[in-house]
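One structure follows; several queries about it will come next.
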Amino acid sequence: MARKEKVMEAGDAVSKFVKDGCLLAVGGMHMHNNAMAVIREIVRQKKSIGSLTTSPSACTNADMLIGAGLVGEIYCSYVGFEHLGLAPNFRKSAQSGDLKVRECDEAFSVYSLRGGASSLPFHPLPKGLEATSVPKLNPDDYKFTKDPFTGEDVMCVRSLQPDVAVIHCQKADAYGNAIFEGSKFTDFDMIKASDKVIIQVEEVVPTEYILEKTHKVNVPGLLVDAVINVPFGCHPTASHRYYTYDEDHLKEYLKACKEDFSAYLDKYVYGPKTNEDYLEVIGGREKATKLMERDIPW
Amino acid sequence: MARKEKVMEAGDAVSKFVKDGCLLAVGGMHMHNNAMAVIREIVRQKKSIGSLTTSPSACTNADMLIGAGLVGEIYCSYVGFEHLGLAPNFRKSAQSGDLKVRECDEAFSVYSLRGGASSLPFHPLPKGLEATSVPKLNPDDYKFTKDPFTGEDVMCVRSLQPDVAVIHCQKADAYGNAIFEGSKFTDFDMIKASDKVIIQVEEVVPTEYILEKTHKVNVPGLLVDAVINVPFGCHPTASHRYYTYDEDHLKEYLKACKEDFSAYLDKYVYGPKTNEDYLEVIGGREKATKLMERDIPW
Amino acid sequence: MVEITVAERMVAAMSHHLKDGEVVIMGAFSALPMLASRLAQLTHAPNVSFICGGSGAVNPTLEPLPESSCDDRLLRAECIYALPDVIDLEARPEIDVFFAGGLQIDAKGNCNLVGIGKPGEIKFRGPGSVGLPFLSRAGRYIIYTMAHNVRNFVPEVDFISGPGFVDNELLSDGPSLVITPLCVMDFEDKKMRLKSTHPGVTVEMVKENTGFEIIVPEDVGETPAPTDEELEIMKRLDPSGAARDSIR
Amino acid sequence: MVEITVAERMVAAMSHHLKDGEVVIMGAFSALPMLASRLAQLTHAPNVSFICGGSGAVNPTLEPLPESSCDDRLLRAECIYALPDVIDLEARPEIDVFFAGGLQIDAKGNCNLVGIGKPGEIKFRGPGSVGLPFLSRAGRYIIYTMAHNVRNFVPEVDFISGPGFVDNELLSDGPSLVITPLCVMDFEDKKMRLKSTHPGVTVEMVKENTGFEIIVPEDVGETPAPTDEELEIMKRLDPSGAARDSIR
């Protein structure tokens, strides 16, 4: 008998594992390691996302799904573009009420996933986080219980176990044993907490490579359901140690959001059906080279 | 101004950071990565340990402190010598009542430290762990609260924030930035949860090395108070990727426990005052070479 | 003719019980279960994944097999998980099979590592319960022992470390197999049932060495011997015989 | 003569506020605080440690300084902590100084990133509160802004993301410094007090651009210029001027 490989096309993984109405978790943080190739495929397949959860700082991974009108509600600690500005689709939909915002903070984003990863029914928070407006704005996800050791009131968050997580790692073997070459953000707990896990990678490596680099292997394949081999698949965001974010494209995105976002989607999402087609549309090898060639200290 | 180095002698670190009556956490698991050089120094200085906590599987790190009569109580998930047998000092003291056993399981060892590391007042457990005798034997450390989201009863453990942790890493720089070259066991959360942290290492490396191996650096120096440079300092236990455990010596230890443990302490702990002296007593370079030369797959 | 050791036969029985695609976990003192899991991967179940307890090693190559579950020879593996991550996994539905054991095992498949005696009067202190409470969340579990006598197979354990078929609500399917140096047993209506005896062991010997009544069906056969291929793989992974020769 | 930018002056003011041995943390959009922390290490405070938010980088060399707090150019560092570990640290007493900001800042030092409006009627949606709630557990915090006007310095924030001197029980000492493109302020009896103005900025200009009354002492001086050494270090770490020239 032969061991079963998990490498598949983004389209197949999305249609198999992303169900309409699901709780979807998307990895990456700010304009780094957003699994955009898979997210573009979710947009292409017009999957309706019941709830969306993200790292403490979401970027175009959330904003594009929202702009495509696919997201019912979001657990939101932050959606924005850091030094490049606010997230236009998120802002618009939140202001109009089309998007339900479950107001959260970084503690929620981290501990709701940790709770899910450890199969805890809920997760208590350190004392002091009650002092903000966030729990008052979201009494559904922040609730109080008693510390059984002292009798004191303790604020807790809901544990989340997403139906499916879409995560970018730099490398994986065909069985899903995966390596983060840079920052892990909250992706690791997201993988642990989620029922199904789709990992997009820059390259598929032999298992022999994995066995030699065990100190780097962060994700055991047994947690992974699909491996999507899409070099440059994070564009326009960065993939740590591979390429930086495409600032020009991100600015074009932000401008398009304010002018004609459907034109952007036509050009960059609905038009190019595959990752290869997409890479041609954004500028091909020349663009790729530009994003890889930079002043790096390591 | 110059940056302050944290490298010091084991004796100085123990007298400075291990206070009588403290809650002490010792790292390593089974006969691997026990920080024995520092633990022998604790025995030499006859520090009284109010409470001892360990990884889910303690070995000679706990058994020696207990055999020296220094431990008041232990949070105990397991103390033993795996395939070599039970832990004689632990057994004797627990049976006589000289040692108070706070009966625990692996879930307690892991989640009490995680709770401490995250400054949580307590840590809930996944459902189903109520089915054993452990919580009934230890109602002080296992208590029930309400899940504020469902109203169901949930078993929780006490969070622990040890006063001081004694941990073995393979490498650290002079500022305490440290690397586990092998398994991390629960040492990482132990470091995070504890107030003071003493790290013993096989070698002190330049910070330039740390900067090159960031993907391996597990412990930021800001959490570390003392770095103890003691090659072979885990003996008779193993140091991952450096040397294996000394099975002959461990058997001698187990025999001595049953016959005359004070003779063992005289010969191996009170006699040799430094790590260098100790290494001579256990067999010098010849013994060291034997423990390093072995059939390893990596 | 090759001599087949009792340990080799036990390992083969463990291996045969694992199904392709399952996730298997084991704790301390697990050279036999480690060997069995790797053997299953290399024969009928290439999609088995196994996690070696404290070391955090997922699918180590076991070339060679170490005696300790935390050994650094396990570091040639597909992933080295930190122990808290392993524990998180033990609480998830991913774990299909858990290997367990105890100082005492009773008719309901409860395992005891706390000790012998009563609360407050423990006469023989065991090492402690370690990960056995997580049995309540595993798919099913295999109990294995290095001895089989009336002292470790008792009517009722003094303390429950790993819950068998208890009244509490368990998420698991409970114990499914018991493998000892004398025999293999499974369960019928939550009661232990003799399945096969090892060569040279009679049904009577098993009954004499078990401190409670077990179900004895009519067709108790002999525990199958490992195939030549299985023996060869075991020998390659454990050339020193540390595990293979541990019970002869 | 070298021209000193407003950003450089702000960075120097931040750096001077950090004491040797302190642990400093910053979140998104933090090129100036990152530069200030590294500058402190290389001048008066070699034992400062700093953590760059989401990237998990502890004491990155910042050669060169990136604009994004999660950039992979931060990976040359003394440790890359996973973000959940950073968050755990934010809850511990280790963090001495937290850099914070907001869409709105009020007289009590509260920061708002939720938005402008009322619950259920948010007219201008902000990005969200991210890590600011952890201010309640930091030692003290520095508020910094890239603009200073009556729209962001308001009498009372519409929502509290980062608590200033609120009535709740805080573990922190509260806000200690406010650094804007116009001035530096500190606090007296939990009220904002002008400390120094940048060159070309009058006390009147600060008052006009602040939506609430601030304490103005008699001796408001000019915000000190960075020394030549400090300017040189900043230029070496940020050769492109992305941070240094961000406010001129």
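A, B, C and D are the chain letters, set down in written order, and residue numbers restart from 1 in every chain.
Here, contacts are C-beta pairs under 8 Å (C-beta built on N, C-alpha and C of every residue); 3 or more make two chains touch, one makes a residue touch a chain.
Here the structure is a predicted model, which means the values were calculated and not measured.
Common neighbours of chain A and chain C, by the contact definition above: B.
Chain pairs B-D and B-C differ in how many C-beta pairs are in contact, and the one with more is B-C. One simple way to say how far apart two chains are is to compare their mean CA positions; for chain B and chain D this gives 40 Å. We define each chain's centre as the mean of its Cα atoms; on that basis chain C and chain D are separated by 57 Å.
Mean C-alpha positions place chain A and chain B at a centre distance of 37 Å. Taking each chain's centre as the mean of its C-alpha atoms, chain B lies 28 Å from chain C. Shared interface positions of chain A, defined as residues touching 2 or more other chains, are 111, 118-119, 126-127, 214-215, 298. Shown for chain D are the residues that touch two or more other chains, namely 61, 75-76, 80, 87, 91, 137.
Pairs of chains that satisfy the touch definition comprise A-B, A-C, A-D, B-C, B-D. Here chain C touches chain A in the complex through residues 20, 23, 44-47, 49, 51, 58-59, 61, 75-81, 85, 87-89, 91-92, 94, 137, going by the rule given at the top. Only residues 1-4, 117-119, 173, 175, 177, 192, 207, 210-211, 214-215, 217-223 of chain B touch chain D when the two sit together in their complex. Chain B meets chain A in the complex at residues 111, 118-127, 143-150, 152, 154, 156, 158, 181, 212, 214-216, 298. Every residue of chain A that touches chain D in the complex is listed here, in rising order: 29-32, 55-57, 76-80, 82-83, 86-87, 90-91, 94-95, 101, 103-107, 110-111, 114, 126-134, 136-137, 182-186, 188-189, 238, 240-241, 244-245, 295-298. Of all the residues in chain D, the ones that touch chain A in their complex are 28-29, 31, 54-57, 61, 63-64, 67-76, 80, 82-84, 87, 91, 113-115, 119, 122-134, 136-137, 159-163, 166, 168-172.
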